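Going in written order, the chains are labelled A, B, C and D, and every chain counts its residues from 1.
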Amino acid sequence: MNAELATADLNLGDDALIAAQRLAEWTSRAPELEEDVALANIALDLLGQARMFLSRAGDEDELAFLRTDRQFTNVQLVELPNGDFAHAIVRLLFFSAYQRELYTAMAGDEIADKAIKEVDYHVDHARLWTLRLGDGTDESHARAQAAVDELWPYTHELFEGNDLRAGWLAAVEPVLAEATLTRPEDGWAPTGGRQGLHTTHLSYLLAEMQVLHRAHPGATW
Amino acid sequence: GTEDDYFMAVIAADQKIEPRDWMPEKYRKNLIRQIAQHAHSEIIGMQPEGNWISRAPTLKRKAILLAKVQDEAGHGLYLYAAAETLGVDRAELSDMLIDGRQKYSSIFNYPTLTWADVGAIGWLVDGAAIVNQVPLCRASYGPYARAMIRVCKEESFHQRQGYEILHVLSHGTPEQKAMAQDAVDRWWYPSLAMFGPPEGESPNTAQSMAWKVKRFTNDELRQRFVDMCVGQAEILDLTLPDPGLVWNEAEGRHDYTQPDYDELFRVIKGNGPCNRERITHRKAAHEGGQWVRDAAEAYAKKKAKVSA
Amino acid sequence: MNAELATADLNLGDDALIAAQRLAEWTSRAPELEEDVALANIALDLLGQARMFLSRAGDEDELAFLRTDRQFTNVQLVELPNGDFAHAIVRLLFFSAYQRELYTAMAGDEIADKAIKEVDYHVDHARLWTLRLGDGTDESHARAQAAVDELWPYTHELFEGNDLRAGWLAAVEPVLAEATLTRPEDGWAPTGGRQGLHTTHLSYLLAEMQVLHRAHPGATW
Amino acid sequence: GTEDDYFMAVIAADQKIEPRDWMPEKYRKNLIRQIAQHAHSEIIGMQPEGNWISRAPTLKRKAILLAKVQDEAGHGLYLYAAAETLGVDRAELSDMLIDGRQKYSSIFNYPTLTWADVGAIGWLVDGAAIVNQVPLCRASYGPYARAMIRVCKEESFHQRQGYEILHVLSHGTPEQKAMAQDAVDRWWYPSLAMFGPPEGESPNTAQSMAWKVKRFTNDELRQRFVDMCVGQAEILDLTLPDPGLVWNEAEGRHDYTQPDYDELFRVIKGNGPCNRERITHRKAAHEGGQWVRDAAEAYAKKKAKVSA
C-alpha cells in the first residue's frame, strides 16, 4: 500500500462515514415509513463503504473515533447539518453522483467495484425524489431549489485533484432540468476539507459520534 | 348463523381466516386493535434505540444497531399491511397513534440512558416480545400469522445481538460491567410488565383465546420469560434485580416478584417518563413530512395525466 | 464537611451548572441586544454559583467534566433542551423562584447568602418578561402558556425532600395570574434527577460540554 | 460658510464635535458608516467565540469566555447608541447589517476550529483591533471617542486573556502546543488584513484623516501591530507563519510579508468561509425575536394606557 492510496482511502472513508452519520440522523424522522427504511438502508451502505476504506487505511475504529476534526479529510458537503428532506435528497443526489463517477473511474479496485452497485441505487433514489420535489407542489419546488442553491457551492470541492466534474455535470444537470430546478451559477467555492479545514459543524458531529468510545479508552465493545 | 358456524369451524380446525372470509365484527375490530398496536410499537420502538445510533462505540456496532432499527421500520410496514387487509388504512392508524386513540407498548416510554440499554432492550425487551409473539405465528388470522413469522425470525436475531452486547460489557472493564448491571436493573421490571396485568384484570384475554388470536395467558407467558432469563443471566454474570427470584422445586418453575402494576397503569395512561416525548417526536416527523407526501402525490398525478 | 452537605452541594452545583449551560446557548441568539447581555449575565451568575458549590464538594473541574449523566444529580427541569424565548423565560421564572426559596432557607450559608442577591435579580427579570409575554400579543400569550404547560410538571421535582413548595407557589402563582396565564393542574410529576436518572437530553449536553476537557486527560488550561 | 469654519476650527483645536453641533453631511455619513460597521463587528464577533462557550475546557475558562462575549454585546450597545446620536436608529442599522448594505469586520468570516482559536482571536484579533482603535479614543466626534475609551479598556483586558490562553497551551502538552501553533498559523494573515488595504487603495483614508476621525494610515497601524507581536510571539514560544519576517535595523522596524489582499477582497465581497453563516445566524436571531419585541411593545402600550 502506498501513501497516496492510504490518503485516498482516508478521504473516501471519511466522506462515506460522515455522510452515513448525517443520514442516520434521519432515522425515525422520515416523511414516510418507506423512506425511513430507504434512508437507513443508504446510510448502512455508506457505513459499509466507510468501514472498508478505513480498514484498508488502518484500524477502522481508531480512525473513526480517535481523530479530531482537524484530522478528518472529508469534503465539507457531507458534514453540513441536516436541513429539511429536500436538503437530504439534494445532498444525496450531488454526493452519490460524485461517488458514482469516482468509483467508476476506480474500476478494478475491490471496494469501488463492490460499492458501485449500491451507489447506482442511491443516485436513482435521489433522482426520483428530486423529480417529485422539484416538480411536485410550489412548496416542494421552493424547498428543493433552496437546497440546490445552498449546496451547489460545496460541490466544487468534490472535484479538487480529479477530472470528474464533466461527468458529474452530465449526470446532475439533466435531473435538475427535468425536476424544473435551476442549476445555479458557479461562484463561491468553499474548500479545505481535504486539508482538515472544516466547517465548525464537524467538531460537534464528532463530539457526539466519539463520546462513548473515547470515554472508555481501550475497552472492547 | 351459517357464517358464524363456518368461522368457528375454521378456528377449531386450526385453519386460517383470510381477508376475503366472513368474520365477526368484534373479531375484526379486536384484530385491528392488536395488529395496529403492534405496528405502532415497532414505529415508536425506533426512538429509544435510535437514540444511540449516532453514539455507538464502534462502527460495527453502529451498523448492527442501524440495521436493527431499520428492521423495526420494516416490521411496522408488514404489520400495517396486515391491518390494511382488515379494511383500515395506514393514514387512519397513524392518526390514531398520534392522537392517542390507539396505544403502543408501554415499554417504549422508558428512556435509554446508556449504551448498555441497547443491550438490555435486545435481551429483555425483544426477549419478552418473542415470548409474546411466537404463539402469534399460529394466530387464526392468516396475514397476521404470516407477518409474525417474519417478525419473530428477525426479533430472535435482535435478541441474540442484545445478549451479546451485554455479554461483552459484563466481561469488559468494571465501568462497562456496572453499565450493564445498571441497565438490567432498570429494564427488568418494565420487561415483566410487558406481558400485561395478571389474568382477571386483562379485559381481552378470554375472547382472544377463544378466537385463537391469543393462545396463552399473560401470566403463563411471563412465567416462561422469567424461567428463560434466569439461566441466561447466569451466563451473562449479571444479577436480576429481584431478591424474591428463587427456583420452586415443587412447581418446577421460578417464584418471582411481580412488577408494580400501578406503575404500569400510570405509564399506560400517559404518565411514563417518555410518553410525551415519543408522541411529540412521531407527530413532528409525520406533520413535518406532510409537504413531502403532498409533493409525491402531486407529481404522481401530473405523470398519470401525461401518460393518460 | 458531612456527607449530607456534600450531596446538597452537588445537587445545587449541578442545578446551577446545567442551567447556566442551557442559558449560555442563547448567546448571540437573543431577541434583542439588551437581552443578550442580560441572559449572559444570568448565565454567568449561575456558573459562579455552580463553581462555588462544586468547589465545596470537591474539584470543580473533575466534577463538571469527568462525571457521566448517571452521576449528575441536577433536576430534570434545567436539562431540558432550549425551546423558544418564552420557554427560556418561564424556566428561569420557575427555577430562580425555587433558588430564592432555597437560598433564603439556607440563610447563614456563605454561598447562599452571596447568591441570593443575584437570584433576586433573576426572578425579577423573569417576572418582567413573563408579564410582557403573557400579557403582550396573542402569539406571545400562546407561546408563554405553552411553555408554562410544558414545564410545570418538571417543577415538582424541585420540592423533593424539602418543604419549599408553598413559598414557591406564593411567588409564582401571582406572576402567572398577572400575566393572564393559567396555572396548570398538578398531575404528571417526572422525577429521577436527584438519583442520576435523567432525560436522554443530558448525555448530549454533557458530550458537548466535556468533549475538549476529556480529549486531553490531565492537561492544564 | 461660517458653520463650516467653526467646524474646522473645532477639529483643528483637537476639540470634540458634539451631536448638537453643525457638521458636514459627508462627515456625518462617514461617521455613521464607520461606527455602525464597528458596532456590527462586535455583534457578529460574538459568533466565532460564542462557538466555544459550551465546550470551554474548564469552568473558569467558560466564565471568562462568556463574560468576554457578553462584553462584545455591550460594546455593540454603546456603539449603536453613539451612532444614534447622529440621527439613525438601531433598527435601521440592524436591517442594513442583515441585508448587506453595511459591512462588519471581515475577520469574523473565518471559523473558530479549535479552543486555541479563542486564544488567537484574543491575542491577534483583539490586539489588531486595539492598535486600530486606540487612536479613535481621540476621534473628533465626542460620543464616538468616549465609547471607544470604554471599548479599548475592555479590549485590552480581552487581549491579555487571549494571550494567556495561548501561553498556557504553548507550555502544555504537545497536542496543546500544536493546537496553539495551528491557530496562530491560521489567524496571522487575516489579522494583518484587518488594517485594510495599503494606502492608495483605501478610498476613505485621506478625508477621514483630515477630519481626525482617523489618525494613522492602514500601513502605519499594521507596522505597529507587527512590531508589537514579534516580541510577544517569542515569549509565547510560537512562530509567526512568515519566513519573511525579519528585523530591519536601518528602518528600526520589522519587514514582513503582506497578507493576500485578493483574499481580503474576496471575503469582503461575501465569499469568505463563514459570511453566509454569520448573516444567516444574525438574521435568524433577529427575525426569530420579532414576536418577542412585538410583545414587549404591545405590553408597554397597554401599561401606558392604564397609567394615562
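The working rule: contacts are C-beta pairs under 8 Å (C-beta built on N, C-alpha and C of every residue); 3 or more make two chains touch, one makes a residue touch a chain.
The shown structure was predicted, so the numbers you read here are calculated from the model rather than taken from an experiment.
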Labels of chains that are neighbours to chain B and to chain C: A
Length of the line joining the C-alpha centres of chain C and chain D, rounded to whole Å: 34
Distance between chain centroids, defined by C-alpha means - chain B, chain D (Å): 59
Centroid spacing, where centroids are CA-atom means, of chain A and chain C in whole angstrom: 39
Mean-CA-position distance for chain D and chain A (Å): 37
For chain B, residues contacting two or more additional chains: 55
Of all residues in chain A, the ones touching two or more other chains: 68, 203, 207-208, 211
Chain contact topology (line, ring, star, complete or other): other
Contact set on chain B toward chain C in their complex: 51, 55, 111-114, 182, 270-271, 273, 277
Complex contacts: residues of chain A adjacent to chain B: 17, 21, 24-25, 27-37, 40-41, 43-44, 47-48, 50-51, 54, 60-61, 64-65, 84-85, 131-133, 135-137, 139-140, 143, 208-209, 211-213, 216, 219-221
Residue numbers on chain B that touch chain A, as the complex places them: 43, 46-47, 50, 53-63, 66-67, 69-70, 73-74, 76-77, 80, 115, 165, 168-169, 172-173, 175-176, 281, 284-285, 288-296, 298-300, 302
In the complex, chain A residues that touch chain C: 68, 203-204, 207-208, 211, 214-215
Residues of chain A defined as touching chain D within the complex: 68-70, 187-188, 190, 192, 197-200, 203, 207
